[in-house]
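Below are the structure tokens for one structure; questions will follow.
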Amino acid sequence: MTGFDRKQMAARVAEDIPEGWFVNLGIGIPTMIANYVPLEREVILHSENGILGMGPAPAPDRVDPWLVNAGKQAVTLRPGGSYFHHADSFAMIRGGHIDLCVLGAFEVAANGDIANWATSENDSAPAVGGAMDLGAGAKRLWVVMEHTTKDGGHKIVERCTYPLTTPGAVSRVYTNLGVLDVVKGKGFVVRDLAPGVTFDQIQAASGAKLHTN
Amino acid sequence: MTGFDRKQMAARVAEDIPEGWFVNLGIGIPTMIANYVPLEREVILHSENGILGMGPAPAPDRVDPWLVNAGKQAVTLRPGGSYFHHADSFAMIRGGHIDLCVLGAFEVAANGDIANWATSENDSAPAVGGAMDLGAGAKRLWVVMEHTTKDGGHKIVERCTYPLTTPGAVSRVYTNLGVLDVVKGKGFVVRDLAPGVTFDQIQAASGAKLHTN
Amino acid sequence: MINKIVQSMADAMAGIKDGSTVLIGGFGAVGQPDHLIEGLIEQGATGLTCVANNAGTGRVGLARLMELGRVRKIICSFPRSAGSVVFEELYRQGKIELEIVPQGTMAERMRAAGAGVPAFFTATSVGTILANGKEQRDFNGRTYVMEHALKGDVALVEAWEGDRWGNLTYRSSGRNFNPVMAMAADLTIAQVMHIRELGELVPENVHTPGIFVQRVLRIDRGPAWA
Amino acid sequence: MINKIVQSMADAMAGIKDGSTVLIGGFGAVGQPDHLIEGLIEQGATGLTCVANNAGTGRVGLARLMELGRVRKIICSFPRSAGSVVFEELYRQGKIELEIVPQGTMAERMRAAGAGVPAFFTATSVGTILANGKEQRDFNGRTYVMEHALKGDVALVEAWEGDRWGNLTYRSSGRNFNPVMAMAADLTIAQVMHIRELGELVPENVHTPGIFVQRVLRIDRGPAWA
């Protein structure tokens, strides 16, 4: 079983983003997706901290200390980009103006629930950031993550065991093993398998029933 | 009985506005108040349609068609002025950031109620504009108006008979006969009499009991 | 390449359906998308609910749209401007429905729609007939009414500059309701005085980011407004 | 003459009382009023409730204020940044209260405070433990939670330019929470990189009108930020 590495996962997501979409990318693998959307396919990246039209990371000698993304990394602004304040930024999110948000996750459930912010209800000080706003507000929520935890635990599950970020929000999951759609009333449907991965293998690595078609 | 004319009423209000206040002036006599605040006493005028720092009317050959006040008259902008949209403009009002609003009125009652937008509950299509937002939102609401209607009817009343704009909001009334404070639990208190006007005369012209001191 | 700039009024108006709620920017003549309103008259959609600060003046623009019987309902704060003759006539004859909304509540209801807030509380109109039938509630000892988001199917806005991503700037008091309405509608159509190249607008000073705008049409309003 | 420009940090900090709610702008280091936080440490007010996106990093700034025992409670969206060691320590020891708020809800709660809206509804956090104990309600078939305005006694903000009327502009992503916090506090204090003459700022491009700002202090953040 080969599967995708992290870069290939990011590239696989990037393939599916059409020109003209407003897209918010979470921290981690989601951030890497931007590297695989060619600049001539105009996808407009949104950042919670008040940016539309984010561009790639700057050359080390051209870093602008005033310009960071939601992960606090130096970025650039494309021609046509704009800045605005946090309430306007989240008006875009909450108001349903963002076509797509891609987040990482601890778990995604067959009913579209996502858990990505806290590992226990007793977590001493969980950091939620903008994840709940994005989960509830974006038109579509996709997840990109490793198919299992490092010690083989399930992240594709029937029901989330960790505290939810947003119920019923995820419509697609990209992992190192393949691409799953989350279909209402049905659950996970395998849309695509990573190179060298069989259905049986991806099913075996999942804590929920996977469907074909 | 001499009393104030309209210009003198406006000038009398202007006397009481200290430097540094943010002030919204309604249509009619209130608009004229601006003419009597010397530019060197910096009072910052707000207009509902998204202006702070309004200046006097322009010379006829210097009218900017993009720049009007809430009464749709051509105005100017002072150095330090700014433009913003309607939701931000009313955030300033509703959020209690405007120090003073001065409106005209049909009636002001002893409990501070103001009626200035409709003359009947069955009014076919009353025009409320921003009056209710200003009444409810400004830190202080003053009224400037003729003391009585043209045919001698009362505008200073115990209880408003016209539909209210805002209950209990008015703290001071300037009329052609004098200046009245509206004091909670007491009612109208004469603060100042116009030249040549006696207490008995202003009381006779009022539909509510007036107090002294 | 994203290109929201349309070349004709017909393209600008394409797909506006009968029964739509149409938000119309402007405060009096300033910031009013005159040409787009003419375009809507031409386009033919009917049974409209129009949201605008005023109910039209004279017999042109919004007043003309009403006179043609195309407006079922108007939501506004100030129907009775000087010269709102058409509205007054239709209203007296019971041919148009009216919803009076305080100006700030109207702006905030649209901002709420754009920001994904279905309802909010305001002290405006408490204790008046405009609060009749509305839910009231006390917070910290003061009474507020609950107001609902006001969403548009279409917004017609006027701006000073626009680019192919739909970014807009406004001039002076021409801004007024336009940015709020642009946020609140599914289809926002902007008439602009100037088309700018992508990147010409200063990113800090874009007043309406292109995410809120679907179509941009250049209009020559004539030398008085230039 | 109105002059909101103050000449010293002591003047900037004058009158901040024990027990105040202090809104602190910035997103990470960007747009963070570092110097004003140092000024607040110096000034001495204690028993503070601080509202900021993060809970401080290292042992300077907000973290230092907490370490000195001056912060009773922190309201934030992301307490666990890399290096938020002081907060973690105090929190584990039960020496600081924490209120976690989703980032957009936090921004909107402050915007609501500034705009005179005591409460509003949002879908954010519905179905999660952060909605526990909050009033919920359906609008058009979807469930929302009610959130309350979040008001500050004091806001510390960072801006790029400021003038004597208190008008501010922000640079690039340094804007973030600053304009919203400026609206939401009774006393807004801005540290700015540049003081401009009245009238130098373009009226269309003032980002925070002076009505929301009480004091402006020029700070030299050094060449990296210039």
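Residue numbering begins at 1 within each chain, and the chains themselves are lettered A, B, C and D in the order written.
Quick note on the criterion: a residue touches a chain if its C-beta (ideal position, glycine included) is under 8 Å from a C-beta of that chain, and two chains touch if they have at least 3 such contacts.
For clarity, every value in this text was computed on a predicted model and none was experimentally measured.
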Third chains touching both chain C and chain A: D
B-C or B-D, whichever has more C-beta pairs in contact: B-C
Far-end chain from chain A, centres as C-alpha averages: B
Intercentroid distance (Cα basis), chain D paired with chain C, Å: 33
Whole-Å gap between the CA centroids of chain A and chain D: 28
Separation of mean Cα positions, chain D and chain B [Å, integer]: 35
Residues within chain C bordering two or more other chains: 108, 111, 115-117, 122-123, 170-172, 175, 203-204, 207
Per-residue overlap in chain B, given as positions that touch at least 2 other chains: 77, 83-84, 87, 90-91, 93-94, 137
Complete list of chain pairs which touch one another: A-C, A-D, B-C, B-D, C-D
Contact set on chain C toward chain B in their complex: 27-31, 55, 77-81, 87-88, 91-92, 98, 100-105, 107-108, 110-111, 122-130, 170-180, 207, 224-225
Contact set on chain B toward chain C in their complex: 47-51, 64-68, 72, 77, 83-87, 89-91, 93-94, 118, 121, 124-133, 136-137, 163-168
Touching residues on chain D, where the partner in the complex is chain B: 1-2, 111, 113-117, 163-165, 167, 183, 198-199, 201, 203-204, 206, 209-212
Chain C-facing residues of chain D, complex: 108, 112, 115-123, 139-140, 142, 144, 148, 169-172, 175, 202-205, 207
Complex contacts: residues of chain B adjacent to chain D: 19-20, 22, 40, 42, 44, 46, 52-53, 77-84, 87, 90-98, 137
